[in-house]
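For reference, chains read A, B, C, D and E in written order, and residue numbers begin at 1 within each chain.
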Amino acid sequence: MRFGFFPGCSQEGSSREYQESLREVASRLGIELAEIPDWNCCGATAAHTLNHRLALALPARTLALAEQAGLDEVVVPCSACYNRLAGTRHELLHDEALRQQITDIIEMNWHGATRILNVLEWLNRVAGELPGHVSAPFGHRVACYYGCYLTRPKALAACRRIEDPIEMDELVRAVGAEPIRWAYKVECCGAGLSVSRTESVARLSERIVSDAVERGAEAIVVACPMCHTNLDLRRDAILAAAPPGGRSRLASIPVLYISQVIGLAMGVSPRPLGLHRHHVPVRLSAAPPSVAPVAPGEGEE
Amino acid sequence: MPRIGVFICHCGENIGATVDCAAVAQAAGRLPGVVHAVDYKYMCSDPGQSLIKEAIREKRLTGVVVGACSPRMHEPTFRRACAEAGLNPFLCEMANLREHCSWVHEKGEVTTQKAIDLVRMLVEKVKRNRPLTPIRVPITKRALVLGGGIAGIQAALDIANAGHKVVLVERDPSIGGHMAQLSETFPTLDCSQCILTPRMVEVAQHPNITLYTYSELESLDGFIGNFRATIRKKARSVDESLCTGCGACIQKCAQKKIPSEFNAGLGRRTAIYVPFPQAVPNKPVIDRARCTYYKSGRCKLCEKACPTKAIRFDQEDELVTIDVGAVVVATGYDVKPTSFFPEYGYGEYKDVITGLQFERLASASGPTLGEIRRPSDNEVPKKIVFIACAGSRDPAKGIHYCSKICCMYTAKHAMLYSHKVHDGQAYVFYMDIRAGGKMYEEFVRRAVEEDHVRYVRGRVSRIYQKDGKLIVKGVDTLLNSRPVEVEADLVVLATAMTAQPDAEELAQKLKVSYDGDKFLNEAHPKLRPVEMNTAGIFVAGACQAPKDIPETVAQASGAASKVAGMFSRDELSREPVVAVVNRQPPPVWSTCVGCFLCETACAYQAIEREEIRGRDGSLIRTIAKVNESVCQGCGTCVALCRSKSIDLQGYTNEQVYAELLAL
Amino acid sequence: MSAPVKHADGTAGLAEAVAAATGESVFNCYQCGKCTAGCPLAEEMDLAPNQVLRLLQLGQPGMDEEVLGSLSIWLCLTCEQCSTRCPQEVDIPKITDWLRQESQRRGVANKKAKAILAFHKSFLDTIRRGGRLHEVGLITTFKLRTWRLFQDVLVAPKLLARGKLSILPHRIEGHAGVKRIFERCEAEPANPAHKGDQA
Amino acid sequence: MAEYEPKIIAFVCNWCTYAGADLTGTSRIHYAPNVRVVRLPCTGRIDFMLILQAFGQGADGVIVSGCHPGDCHYTAGNFHARRRWMLFRRLLDFVGVDMRRVTFSWVSAAEGAKWAELVNSVVADVRKLGPYEEFPQRLGGPGQKPIEVA
Amino acid sequence: MELLRDKAKSLLKSGAVQVVIGYAAGSATDRFRPHFARSADEADRLVFGDGCRQNLAVYLLKPEVRAMGKAAVVGGPTTLRTLLQYAVENQVSDGSAVALALEDGRVEELTSFAAVEEYLAQRPHGLSEEDRAELEQHAGRSREDRWAYWSGELARCIRCYACRAACPLCYCEQCITENNQPQWVPVASDAFGNLEWNVVRAMHLAGRCVNCGSCAAACPQNIRIDLLNQVLAQEAMTQFGAEAGYSVRKEYALSVFKPDDKETFIR
C-alpha cells in the first residue's frame, strides 16, 4: 500500500520522533509513505489569524502539489496541519469563486482530487494488519488525548463521536493497551499560544495531565506534535501551574505518540521510535494492568 | 335569452354621494340581456329587497346583479332574497360599488364610469351562472379518537357525553398516556394520577365509548361524515373476557428485568405485564419479544398460574373495520432521549436523566416510591442540576422550536426536589423563562423566592463525570458571562418534546398535513385550531405542537365540540363552490386525460380516480373525479388543468372570462 | 433574516462588515452563552465570546471599537469548541479571525496582544523566507520582536540536546513561489474590508 | 380622455386581497380609480391565461395579488400560484413582454393601506411607461367598448 | 443497425412485444419516417442514423398503436425521458412498453421503468452547452430586441399545430385551443392568438418537457419554439430543482411547492 505523506514542519524539527515512529510503523506494515514533493508550511494559526487568503493559499499549494504527484490520499499526522489542509480543501470545494481566486494566487491548477487523512483515519484503515505484528502488547492504562482538530470542525467529520471520539481508543486497545474513560479527550491544550502566552497554556495543559493522572493513566497518548510539545516539553510550566502539593504526581506521566505506542507493541526498540527525544522520560513499569493479560510493557528507555 | 335585472344601491350617501347611481342604472339598462335596471336608496332594506323580489317575479329574471357594498357583506342577504322569490340564489352576483369604488375614489365621471364597468363585469358573469344546489353529505354519527392520553380521553368523554358513539384507539396496553407518568402538575402541584385515573375509569365504563387498547389504526378511507377505519387489535395473548386482572401471571413470570416503559426505563417489569397498577383496562399483555416462551418455546409459567385459563399464546392480531363520521387525532408526543446529547455524555452517564424520568423518580408510584434517588447508586443527590432547553431551540441539533412546557416543569422539578431533599441544592440552567399562563409566573417565582432554587442564566456547554460527580460546565451571562462549574450528583435534562416517531406515517394514513418537525397541522393557525385541512378530521394535544395539560384539554374539548356540532345534524350542507371534472357522453366520457398532475396540487386530497368501464367490465380509462364533499373550492386544480377539464362552480372559466372580456 | 445594522449616523456597523466578509451573521446568536461555557480561555478574556457577539449585535457608539481593541480576539485558540456546540451554528472562530485582521488593519490591536501578534508575524516571516517553518529562526525573530530574550532559554537546550532543533533553515525549492503567494495575499484585497492585511 | 389614463386589471383572491381592498374602502383611503378587480377564490385559481387575456383586452398593467405565504385560506393555493408565476414571468420576459407591467403582490385582509399604495404605485409606474401599444390585441372577441356616460 | 434489427426480431418473435416503433428510410437519403415493425420482414426495414431525431414515444399513446399490442420504442435519452414522464402522468404503466435505447450503435433493451431510470441516471442531465449558450445569447439581448425578435417570429406562425402533433407530451384529447367555452385562444392566426398559443403551449409543457426538439423540428415555418420550452426547463431546474423524465417518482414542478420557494419578485 502507498499513501501520500505530509510530515509538516515540526516533524522536521522539534517533533521529529513523531515522523520517525510513523515511518518505522509504516515500513513494518509494508506501507510506503510518499512525501509530497517540495511541500510547504500550512500556515498554521499564524496565517489564519492574520490573513485569511494566505491561510488558504499556503495549504492550497501543497494540495496542488499532491494532486500533481498523483497522490489519491495524503496522510497528515499533525492535527493542526490536518485541520488546515482538510479545511482548505473543504472550503475551496464548496466555493467555486474562492477556488478560482486561490488557484490564481498559487498559479497552479487544483481540482480537489486528493483526499486528506488524519493519522487516526489512516491507522484505522490499516489496523487490520496490526494483530499479526503485535509482539509485545502495550499493556498499560493510557489516556487517549485527541485535542481540538481531530474531531473539529464538524464539517470535516473526521471522527464519529465528536464529543467523545473512540478512534484512538480502538487503536490502542488493538495493541494491548487499556484506554481509560476520561474527561479531557477533546479539550484544547492551548497550543496556538504556546510560545506567546505560556502561562495560560500551562494552565490548560495542567488540567489535562491532572485528569489523566487522577484517573489512573500510566501514559497519555497523542496524535499531534502541538499537543505533544505542550504536554511533554512544557511539563515544567505545567507543574508550575499545578496547585502546590499536587506537582510531583504530574511530573512523571509520559506522553507518547500513537505511532510510538504501536511501534513499541510491534517490538520496535525505543530509539528508532525517538523515545529518547522526549522531555518526560518514558519509563513504564513492567506491571501489566489488572485487566489485560498481556506481556510486560516495553516502553523503558 | 338571459333576462338580467340590475339593482343599484345608493347606500344612502355612501355610494350615492360619489357615484351617479341613476346613470349607472341607465347604462346597465342598455347592456345586452339586461331587462330591468333600477337604483334605490337602500337596496338591503326590506323595501329594497322587495324591489328585487318583485322584479324577479314580474320580469321573469334569470339573473340578478346588485351593485352595492362588498359581496363579503351582503351577498348572503341578496341571495336569500332571490331564493325567496324563486330564483336560484347562485344566479345572484354583487358588484362592489362601495368599498371598491365610492369609498376610495373622488366624486366624478371617472368613478361613475368605474361603477358601470364593475356592473358590466358582473352582468356578463351572471349571464353564465348556473343554478347550483348546496351539497348534502350524510353523516355517520360515530367518532374515532386516536390516542388514549389526556387529549384523547377528554375528547372521547366530551363526545360521548354529548350522546354520540366513540371508538377510542390506544396503541399501548393501557390508556393514560404521558399524563399517567407525571408526578405532580404545575402550577397547582396536584397529583397527576389522582386527577387522571377517574377519567380513565369513566372512559372504560362509558356506555357510548368502545375502547380498543393495544390497537393501532391500520388505514382510514372515505371522507367527512363517511370514513371507514380499519383498526389492528394486536394480539394481547390474553383473553380479556376471561382475565380478572388478578395478577397471578405477573407474579410467576420468569422475565423480571425488562426496563419498564411506564417508568421511563428506571424501573423493571415482567414479560407479561400491566404497565402500571391503575391501568385501564387492568388486564395484562404478553410482550412477545421478551417472553421466554416465544423466544425458546418453553416456559408457560403464566398459563399455569392463571386461575381462569385466560392465557392465549396462539392469539392473532385482529382487524376491525368501523364506519365513523369524524376523527380526532390525539396521538401525543415523544421526548428526546439523553443519548441525543453528545456534549452531555451520549446518554452514557446513568445520572444524567430526562425530565420524564425525573417525573417517575418524584412520583409516589415510581421506582423509588417518590424519593429522589439517583439511578447509579440509589443515593439521594445533594446537588442537582436542571438544564432547560436541552435540544429545544437548538437548530444545530435540528430542533428550532421551543418545547413550551420545560420552563414550567423544570421549576416544578426543582421545587419538588427542594421539598423532598431539604439539605439539597437545586440549580437550573436556562436561557429564558417562559411562564405565560394563569399562575405560571408566580409558580416560577415561588421556586426562586421560597425554595431558593438557583437559576443560572446560560446554556451548559458540557457535562463530564469525575469521582462520582457530574461536572456541569455552564456560564452565567448575567454575571459578566462568567463560567460556572457545578459538581452535581444528578443532572436532569429538559429534553425536547418531539413528534411521535411515526407521526409522518400516521399523517400519510390520514392524509393530513404536517410541518417540518412532523407535528400535525391545524387547518388555520388562528381561526381553525382544532380542525385539520382534511374535512372531518380534528386534532387535539401535543401531536399538533408542544403544549401543556390545560391547553391540551382545552383543545380536546374544542375538537369534541366540533365533532358534536357536526353530529347535531343528520347531513352536512356545503356551498357548492367546488371543482368538477367534466363528463361527456361516450365515447368521449370526459376530456380529462387522466394525467393526475392535479392530484398532488390538491391540499384536500379531493381528487379521486374514477375508472370508466365498458358494459363488459373492461377498463376503458381512468379519469379524475372531484369528491365534492372534500373539495374546498380553491380552484388550484382548475388553473393547472391543461385540457380545461376541471372547472370551478361559481367561478367557471366561462364566467371569469366573461367578466374579463367585459372590460 | 437579519437586517444589516447601520449606525445612527448611517455608516455600516461592524456586524454588517462581518457578514459581508465571512457570511456569518452575528444576529443568529441568541446569547445562550454556551460558547463561553465551553471556552477554555473564557476566564482570561476581557470579553467573553458571547459578549463579543453581543457588542456587535448592539452596535452602539464605541462598541465596535471595544470589540476590535479587545484582548479576547487575540486570545482565541481557534479550538472550535464554541462553534462545534453552538446551537445557532455561529462560526465564532471565523468571525474572530476576521476581527483580528480588521483590528490590525485599523491599527487598534490590544497592547497586551503584542506578544501574540509578534509570534504570528515571526512565524509567517520564516515561512515567507523558506517555505517551511524554521523553529530556531522563529524563536529568534520572536525574541527580537518582543524583547523576551530569556523566554524558553531553558527549553531550547533540551531541544538541542535531543536533536530536535536544526540551526540552519531549510529552504524549499519553490520558495520563490511561496514568496509570491505571500505578496499576492498581502497585496490584493479579497474584499474591501481586507485591504491592507499585513502579516 | 385627454390625458392618458392607464387601464389596470387586477386578479385577486377573495380571502385576503379582496378583503384587504374592502378594508381600504372602510378606512376611506383613496386611490387611483384606474383599477378593475376580478375576484377569484384563491390565487391558485388564477390561470396565467387571464393575464395574457387582460393585456389582449387593452390593459396597460396587471396586478395579481393574494394572501401572504402561510396565510392562504386554502392552505397552499398561493404557494402553487407562486411557482406558476415564477415560470410564467420567466417565459414572458424571455419573449420580451414588458414585465414591469405585471405586478405580483401579497396583500392581506388587514393591509388596506397596502392595497391603496399598490394600486397607486402601479398606476404611476404604468403611466410613466405609457400605453402598452406594442402588445397585440384580441380581435373579434366579445369584448365591448366602454359605454360613455350619458 | 443489424443489432437493432436482430433485437427487434427477437422481441417480436418471442412475443415480448407486438410492434417495434422505429425509423425507416424516407423519401430522401437523409430523411427518415416512423416505421411500425410487426414482423421480422418489417423489422428488416428498421434503420437508424443521424437524421432520426423525431421522438417516437409520441406514438405510444395513439389508439391505433395501442391497438397493435405491446410496443417497443426506439430512441435516445429524450425518448426514454418521455417514457418516464408518461409514467409520472399515468399514461403508460410499468412493463407495458419496452424501450430500445440506442447509443453509439449499441442497443440496450430496457423493459422496466427502473431500468430506464438507471440508464438515464448515467447519462448527462440538463441542457447541453450549446442550448444553454443559445438561451443566454437570447436572454442577453435587450427586452425591446427580444420582443422584436419574438413578435416577428411568432407572426410567422400559421397555427398548423404541427408542433402539437409532434410533441409526445401534447396528448390532450381536447386541446385548450379547441375549447370555445370560453374561447381561450382565438382561432384566427393573428398576433395575439399566436402569442397566446405559443405561450400556453410552453407553459403547459413547463416542468414536463423532455427537450426532444420534435416541436421545432416539425415547425414548417422553422420557428425556434423549442427555445420557449428550454427556458422554462432551465428555470424549473434552477428554481425548483425540477427535471422532467428522470424518475417515475418525480413530482410535477407545478403541483408541488416549497414554503420557501423564491419570491423576490412579489411585492
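Throughout what follows, a contact is a pair of C-beta atoms (placed from the backbone, for glycine too) under 8 Å apart; a residue touches a chain by one contact, two chains touch by 3 or more.
Worth saying up front: this structure is predicted, and the values here are computed from it rather than measured.
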Through how few touching steps can chain B be joined to chain D? 1
Please state, in steps, how far chain E lies from chain C along the shortest route of touching chains. 2
Can you name the chains that touch chain C as well as chain D? B
From the Cα centroids, identify the chain that ends up most central relative to all protein Cα atoms. B
Report which interface contains more C-beta contacts, comparing A-B against A-C. A-C
Centre to centre, by mean C-alpha position, how many angstrom separate chain D and chain E? 34
With chain centres defined as C-alpha means, what is the inter-centre distance between chain A and chain E in Å? 58
Separation of chain B from chain C, taking each centre as the mean of its C-alpha atoms, in whole Å: 52
Any idea how many Å lie between the Cα centroids of chain B and chain E? 43
Residues touching two or more other chains, restricted to chain E: which are they? 176, 183-184, 254-255
Multi-partner residues of chain C (at least 2 other chains): 81
Would you give the residues of chain B that are in contact with at least 2 other chains, written as numbers and ranges? 343, 462, 601, 640, 653, 657-658, 661
State which pairs of chains touch, listing all of them. A-B, A-C, B-C, B-D, B-E, D-E
Under the stated contact criterion, what part of chain D meets chain E in this complex? 48-49, 52-53, 56, 69-70, 76, 79-80, 82-98, 103-106, 118, 134, 136-141
Which residues of chain C touch chain A once you look at their complex with the stated criterion? 40-41, 44, 75, 77-81, 83-84, 97-98, 100-101, 104, 115-116, 118-121, 123-124, 127, 131-135, 139, 142, 151-152, 154-155, 158-159, 162-166, 170, 172-174, 177-178, 180-182, 184-186, 190, 194, 197-199
Which residues, counting only chain B, touch chain A once they are in their complex? 342-343, 345-346, 348, 462, 464-466, 471
Applying the document's contact rule, which stretches of chain E touch chain D when the two form their complex? 138-139, 143-151, 154, 176, 183-184, 186, 188, 190-193, 195-196, 198-200, 202-203, 206-207, 227-228, 231-232, 235-236, 239-240, 253-255, 257-259, 261-263, 265-267
Would you mind writing out the residues of chain B in touch with chain D in their complex? 20, 23, 26-27, 30-31, 70-73, 96, 98-101, 103-106, 109-114, 116-118, 120-121, 513, 523, 533, 577, 601, 603, 632-636, 638-640, 648, 650-651, 653, 656-663
